[in-house]
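One chain, chain A, links the two complexes that follow: it is found with chain B in the first and with chain C in the second.
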Partner chain A sequence: MNEIRMDMIFSHSSDVVSREIDGALIIVPLASGVGDMEDDLFSMNETGTEIWNMLDGKKTVQEVVKALAQQYRAEPAEIEQDVAGIVTELLKRRMLVEATAA
Partner chain B sequence: MAERTYIFQRNMSYDPLWKGEGPPAAHLDIELTERCNNACIHCCINRPAGDKRSRARELDTGAWKDILSQAAELGVMTVRFTGGEPLLRDDFPELYLFARRLGLRVMLFTNARLITPQIAAMLADVPPLEDIEISVYGMSRESYEAVTGVDGSYAEFRNGVQCLLDRKASFVVKGVLLPPNKKEMTEFAAWAATNPRMDVPPAYAMFFDLRGRRDSAAKNSRIRRLRVSPEEGLDILTRHADNYRKEMSVFFEKFLSPPGDRLFTCGIGPGCVDAYGVFQPCLSLRHPDLTFDLKKGALKKAVASGFTHLREMRAANPLYLKRCARCFLRGFCEQCPAKSWSEHGALDTPVEYCCRVAHVQARFLGLVMEKERAWEVRDSAERIQNLIRGVAVS
Partner chain C sequence: MSKRPPREYQRPAMQKSGLSLSGKALIELMQAVHTKGLPFRFNAGGHSMAPFIRDGDVICVSPLASRAPGPGDVVAFIHPETKLLCLHRVLSAHGDRFLIQGDNMPEEPDGMIPRETILGRVTRVERAGKKVRLGLGPERFLLALLSRCGLLAVIRRYAGPLYACFSRSHVSCEKR
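Take a look at the complex of A and B:
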């Protein structure tokens, strides 16, 4: 996927399981090949965690950006960059799938 | 929101997930069944595969799922499925996938005999994230089946291993050293080295545990006869002497706990649920006063109440206080409440076999002199430093 459009909807991939343990988000591979090493796990920073939780298969990217911009009182353009960055990374790692209605 | 790196790849072996203490239990042992399709001569657990009474008492699928769900809620990251032979249970695939879908890593201990192409495919497609550990009882039909006591078991073991290899499912192997297979160590090591996951020579089980349920003097007597002598064990441990010295140097520098009368020096746990839903401190410790029936209470309660109490337990046995409590090898020796319980029916009785095994190794490392006992040593810190310096120089 080359471009993240604002009307797109994403949901968590069934190739991974996310867990919150001791306040930290941990992403555990379920299918083979998600990590470089077979026993890799993944964690996210605070921004990543927040965006991950909002990518619920219902909200568009625009709605995620808007909600975060309001919460952080930041410019939507700046938030957009973060959301696009994490979505791109998650798609590359097979942790996210596009759920946009046809 | 200035950060630009969002996802961090972690490997739990090198990179702990938590800066602090983490969840109350990060690992849980699950003894899915005590039944086994082998009848190994040295085993302290196995019930016959067709034992109807054991099967009837085992937790059902739903009860195991409930315990796995509770474990995940508690923050457990890894469960070890062991037994008996865990694959004897018809619901093994269901329980395995359930655990993985909860985000748990699964450590699987098996003899591989029941691994089919379908099971291997499942383990390859939804990998356990921990190595499958296969116990190997011999490199020929004669030696293998002299240990397992089951005709055809060797062919099934080789077939199970081949299924995993065909699907490129990762596994490691561990030898079980017994009289029928002692002459095959070189062959076993060469075969193990062909496995890409085996980057170090295979380990051997040889200092066998007695039966923790303390219900079969005959079985315990047989296990005692099959253990290697401490001297023979040393020969095997020090086959690669330089590596052994290096490992021991690191252990004595970083992990040796101090002497004292506190009974549990192991950190306690990780906790184990037996085949019938009884939570116990570890796989080996089945003392009835230290167990908790999960059919009557939640895992969370068992973890919280059990471990706190154990940390404060002190030894009272005069022999223990005279020897173990003053011994600088205490954190190195295999002596522990579980060993004491299975050998003597008490938590604080010195286990002579463990003591001899520890001493023979300490003498090899120059930490204890001939005829000297470790609890008599007054300059242990200096001797440990000498070991560390010697290894560093070499």
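Take a look at the complex of A and C:
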């Protein structure tokens, strides 16, 4: 996917499991058919965790950006760029899928 | 005057965690993976299942699915006292409760463990990148019987050379 549009909706891939454990989000890829602690295990910082939680198959990217802009001291343009960046990375790692809007 | 958002912004970031999970975190992730019907692979720690599972072995725990644990199976369960993840062998089944004990812990049986605290069955053990062949195959029935009769420890004590041979491909229990 080349460009993340603000009207896009994403949800978590079925090829991952994620859990917030002691305040930290842990994402386990299952692409190999195994939940493998010896392989790649990912964690997110606080902002990344909030974005991950909002990518629920219902909110558009724009809505995610707007929600973050209401919570943080940052320019919406900066947040928009960062959200697009993290979404791109998650898509690259097959942790997100584009969801069809209802 | 507009109201300022209250929190400092931190750019979102994701990284390979590099975490060494243990305890509750390990249990939660295992349960999460098992809900997908998939096995969970992780690094074991401890010596209570030596020599069939050793400290540092890579363990694969599969969900129980429809088959209940049986004698000889090595299962992952939440220890009733410590609440930690434990990998020990089922010695006998009594309905929905199982007599469980570590192969290397003859003096410390886990007692009767209810099925609901059993997370899965150990289906593979790897050591130094190679599959460990002893401990999970048909010989598991004999190991459970010997352990239940208290003979596994005796054999370990007196059959040193044979045991040393076994220990090339052994087990360990893990409380993490």
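In this text, the second predicted complex is superposed on the first by the 94 of 102 C-alpha atoms of A that agree within 3 Å, B and C clash if a C-alpha of one lies under 4 Å from a C-alpha of the other, contacts with A are read in each partner's own complex, and residues count from 1 in each chain.
One rule holds for everything that comes next: contacts are C-beta pairs under 8 Å (C-beta built on N, C-alpha and C of every residue); 3 or more make two chains touch, one makes a residue touch a chain.
In this text, all values refer to a predicted model and were calculated from it rather than measured experimentally.
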Which superposed partner A:I9 touches (first chain B, second chain C, both, neither): neither
Partner chain(s) touched by A:A31 [first = chain B, second = chain C, both, neither]: first
Touching partner for A:I79 - first (chain B), second (chain C), both, neither: both
Chain B versus chain C as contact partner of A:S43, first or second or both or neither: both
Chain B versus chain C as contact partner of A:I21, first or second or both or neither: both
Partner chain in contact with A:L90 - chain B first, chain C second, else both or neither: both
On chain A, the residue positions that both chain B and chain C contact, one per complex: 17-19, 21-22, 26-28, 30, 35-45, 47-48, 51, 72, 74, 78-79, 82, 85-86, 89-90
Touch list for chain B against partner chain A, complex: 1, 3-13, 17-18, 20, 22-23, 72, 75, 77, 100-105, 124-127, 129-130, 170
Residues of chain C touching chain A in the complex: 4-19, 21, 24-26, 28-30, 32-33, 35-36, 38-43, 58, 60
Residue ranges of chain A touching chain C (in the complex, touch as defined): 14, 17-19, 21-22, 26-28, 30, 33-48, 50-51, 69-74, 78-79, 82-83, 85-86, 89-90
Complex contacts: residues of chain A adjacent to chain B: 17-19, 21-22, 24, 26-32, 35-45, 47-48, 51, 68, 72, 74, 78-79, 82, 85-86, 89-90, 93, 95
